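Multiple structures follow.
Below, chain A partners chain B and then partners chain C, in two separate complexes.
Let's turn to the complex of A and B:
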């Protein structure tokens, strides 16, 4: 256990250069944007020259680039991501992201639940009945799943389950507000304030976006579980289990599944990070006011600071989720020395 | 000069026998087994899913090339008399809000998707593979530096980094292509580095170094051809994901500018509205199906190539090839004996 803590600390230290590198990339991208930064800081060139000069001073734009980078870093570490220029002019970007993030988290939670609850059993059954009809259907389904654009699947679900069979609402808006708002995540707030209507509303409104977003990851997890299960089923200890007279189910669920889930953990963890990227498109289709929607709006209105802040935020969440996966992997697989 | 001296000194070496040996080695057997390997490789592509993939990819290429000749309508000509028509024999996939034929637009759209997909993947290979091989070849701190930069680029979810890059360059086809290209560079650098490290353990690399071949020659002549297989597989799979990324970026409004409004992702983005979802389903369905088919085709082809190139499944040598190798061994044996019997051979340092 002690070794595990040391491993976590070592990984956290190794994270520092990566995070700095990511910040450097967003900084470089920010500065590669054509045109004068003041133009997008203070409204396109309508300012008097004195005001522009002042702005240049305030934002340190007269300093050499590397000093500007340190100013940028200093701002970031104080939680200051800059100011939005056109989506919500003058608003603090950190505030915008903090309000938007719970919606993205909620969507990701639902997608992750679908991915795990459907992906793992599908992979196991597919491997167990190798080359059967079930297996082939699952494999082709997974292949189509990885070939579909997330946003298009969302639109198709809207058409099928929102218009042709009106089961689910087409758009996100209209969830009953819970009495207590602690986390901003409707499902959790609904449980906290014991508001049954919010819980049902949350599930109904997130069902289609979660399926759309989860389909890609679901297919990847299914393929991964299937192949690692097939690999494990060929191991000696499975033959031993069968030889000593274990029932088929006990062999598969007790001996094979546990071992085949170790590599699957990595993929699941990486996919949870990847869901955040896909959320950009899904949130746009379903009009969910999360981080993704924020970024899309910022793209449409050329709000460069907001786009870069959103990109940086998602990248850092992604890095952290990868770290959690690695630690989990080390914890689950005692063969790994840390 | 030194070589001439050696030739003079090795008079004992029977030039004719030597010559036969070398010719057999270089052309005969190698060519014949290569041909066999290729045929064997082709026969392993005969899996139904792979064939579907090949058919789809060929179909797409034909659609893209022949679009001007087979498309029944002009993809950008506005015809307000035939707005929002559902699919019929006249308009196979219906028409859009400007009366443009969706089927024709999809055919033309194949041009954009294939162009961006293939160009961005080729570009990523041209940048990433030499970077990866160079990194493996040089080792040391240069290797660490290059790979750390690649790791940092992989720390972004790819679509997010592509969005940021495309945004900075400014909307347009070149912006999307470059964005997708840059995002896939680290993948190729990593694959190339990994395979190159394995190849560099081989004796022929050591031999090339020993005879003083320059680094560039070793990289391009000896390492590159030997790591081609995994890169080719990755390229095929990557064209599919490049098409997906293009669709996503176009959907966000970062894609092709007018007049290239017939890009598949952009079509969905342009048509997407409450009205279209509730009433004009064909406008949203068919461009998306085109994307799915395109990506699926490249994925199936890539999977098939990977399986076919799997060294675990390499051919067992045919009888003919075995006979050739046996003959060759006998000849080599004879050659050796002629060396031994001829005491005039001197050791050349």
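Let's turn to the complex of A and C:
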């Protein structure tokens, strides 16, 4: 166990060079896109030229690029992500992210629940009844899930379950505000303030986006679990388990499942990491003000500081979820020791 | 020795229905295992040794099926039992240990857990009792530091130790029959001796009958009371261990014994081999399946199938060279002339 803690600390230290690299690349990419944020503001003709000039000075856009970069880093290490130029000029970027992120987290929670609670059992059953009707239906379903564009599925769900059969609300807005707002995640805040209406509202409002977003991850996980389960079922130790007198179910759920979840954990972890980084299309279709939309909007408007901060944030989230996967690995597979 | 039959297999036919065709892996196997004996199954790869064992366990992998024949264990017809009834026999009455100890244990559970699981499956005990019993079992098997070993994972143990753990799992419920499928093939020679000694000791201490599958005639000579020689899904010869080495009757057994390299042979003499390869069992040779590789092959070998008959007291052979098969074949009009046009060398 001691080795595990040392490993986690080592991985956290490794975060620093990765983050610096991400920052540098994002910075270069952002500045190679034609146009700049002030031009965006000024181009609309709403600002007089003097004001534009003043803004350029304020944001340091007249400085050489590498100085801008180091200024940015200097601010970053003082915990200052800067202020937004475009979305809500002058707004503190930390505040913007802190407001947007809970919505993304909430969407991720629902999608992950669908992915894990449906994907793993579907994969297991599919492998258990290989080449049966159930298996074929699951496989075709998974193939459809992988091939379907998220935005299209989102719109279809809106039409079917929002318009034709108006069961779910079409858009995100309108969740009942809970009395206590600690996390910003409606579901959790709802439980904290024991506000039943918020909980139901949260489930209703996130149902369609979570299905649209979860369909892809769900299909990937199902396929992954199925194939690794089939592989494990061919292993010698499964035959040993049967020779011991284990029933079919004991063999599958006790001996095979944990082994087959080892590769599936990677996929699930990376999917959750990806979901936390913001699901731009889903957030756009369902008008959820999450982190994905925040950043794409910022990119459209060349809002350098906001893009940098957003990318930094996503990179860290992704690396951390990878780390969680690695730690889970050690728990699932005793052969892995750090 | 007692002569109580523990397991008797009659005319067992196990076929695999693959996409290329039906693989006739077992084509009428007859054998019996007596109480407290070690019986050896020997033959080349693909001769049907493992399939025989797996058929007894009713663990034949897909797409294999027992298409004909009977298996009686302590008078119970194993081939007719339901899957639930088999669950109570597997691991308790008949157990099996496998060739590759590296993969035969589940990597994510401790070995103590895996031994205890077997005890738990077949006895009405708590997990803790089962776990303590597994420590006791390891101590009985002379495994050093059993308290430490039970808490290890398979990857932390050596190959020989894992094979001993497999044996412990096999013995956890004191079965009447232990099937060991090439238990020492993956081990090096010194460990092999220790594991074989252990298996031998078990027969004496636990009164377990052991079916030992191997392709190593040295292991047979060392361990077994009786030997069954298999070729391409058939039993070609069945007798006690002394006779098989002193007076082998079937040409295949003779060829197998000639193929054993001896240290004292002249350096320049070449290694003796059996010409040809094990036949494809989708389209097996007609008549005696060994005839294409047999130096005594006659026309009758191609047309008629020899039966496993008791040519000498206690010595069963399936070959037309010997009187009983010869008589049977003559009555059916078999022609006893050498086969023409044979190119096997």
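The rule is short, and it goes like this: the second predicted complex is superposed on the first by the 288 of 338 C-alpha atoms of A that agree within 3 Å, B and C clash if a C-alpha of one lies under 4 Å from a C-alpha of the other, contacts with A are read in each partner's own complex, and residues count from 1 in each chain.
Here, a contact is a pair of C-beta atoms (placed from the backbone, for glycine too) under 8 Å apart; a residue touches a chain by one contact, two chains touch by 3 or more.
Everything numeric here is computed off the predicted structure, so don't read it as measured data.
Q: Let me test your reading of the model: by the given contact rule, A:335 touches which partner, first (chain B), second (chain C), both or neither?
A: It touches chain C, and chain B stays clear.
Q: Is A:183 touching the first partner chain B, the second partner chain C, both, or neither of them?
A: Neither partner.
Q: After superposition on the shared chain, which partner residues are touched by A:242: those of chain B (first), chain C (second), both, or neither?
A: A:242: touches chain C, not chain B.
Q: After superposition on the shared chain, which partner residues are touched by A:132: those of chain B (first), chain C (second), both, or neither?
A: A:132 sits against neither chain B nor chain C.
Q: Please indicate which partner A:155 is in contact with in the superposed arrangement: first for chain B, second for chain C, both, or neither.
A: A:155: touches chain B, not chain C.
Q: Is A:18 contacted by the first partner chain B, the second partner chain C, both or neither?
A: After superposition on chain A, A:18 lies in contact with chain B alone.
Q: Looking at chain A, which partner touches more of its residues: chain C or chain B?
A: B
Q: In their complex, what parts of chain C are in touch with chain A?
A: Checking each residue of chain C against chain A gives 57, 59, 83, 87-92, 95-96, 98, 100, 103-108, 117-118, 121-122, 153, 155, 166, 169.
Q: Note which residues of chain A are touching chain C in the complex, please.
A: Residues in contact with chain C: 235-237, 239-248, 250, 255, 258-259, 332-335.
Q: Tell me, which parts of chain A touch chain B in their complex?
A: 17-18, 21-22, 24-26, 29, 32-34, 143-144, 146-152, 155-156, 158-159, 162-163, 170, 273-274, 276-278, 280-281, 284-285, 295-296, 299-300, 304, 307-308, 311, 314-315, 318-319, 322
Q: Looking at the complex, which residues from chain B come into contact with chain A?
A: Result: residues 49, 148-149, 151-153, 155-161, 163-165, 167-168, 170, 240, 244, 247-248, 251-254, 265, 268, 272, 274, 277-278, 281, 284-285, 288, 291-292, 295-296, 299-300 of chain B touch chain A.
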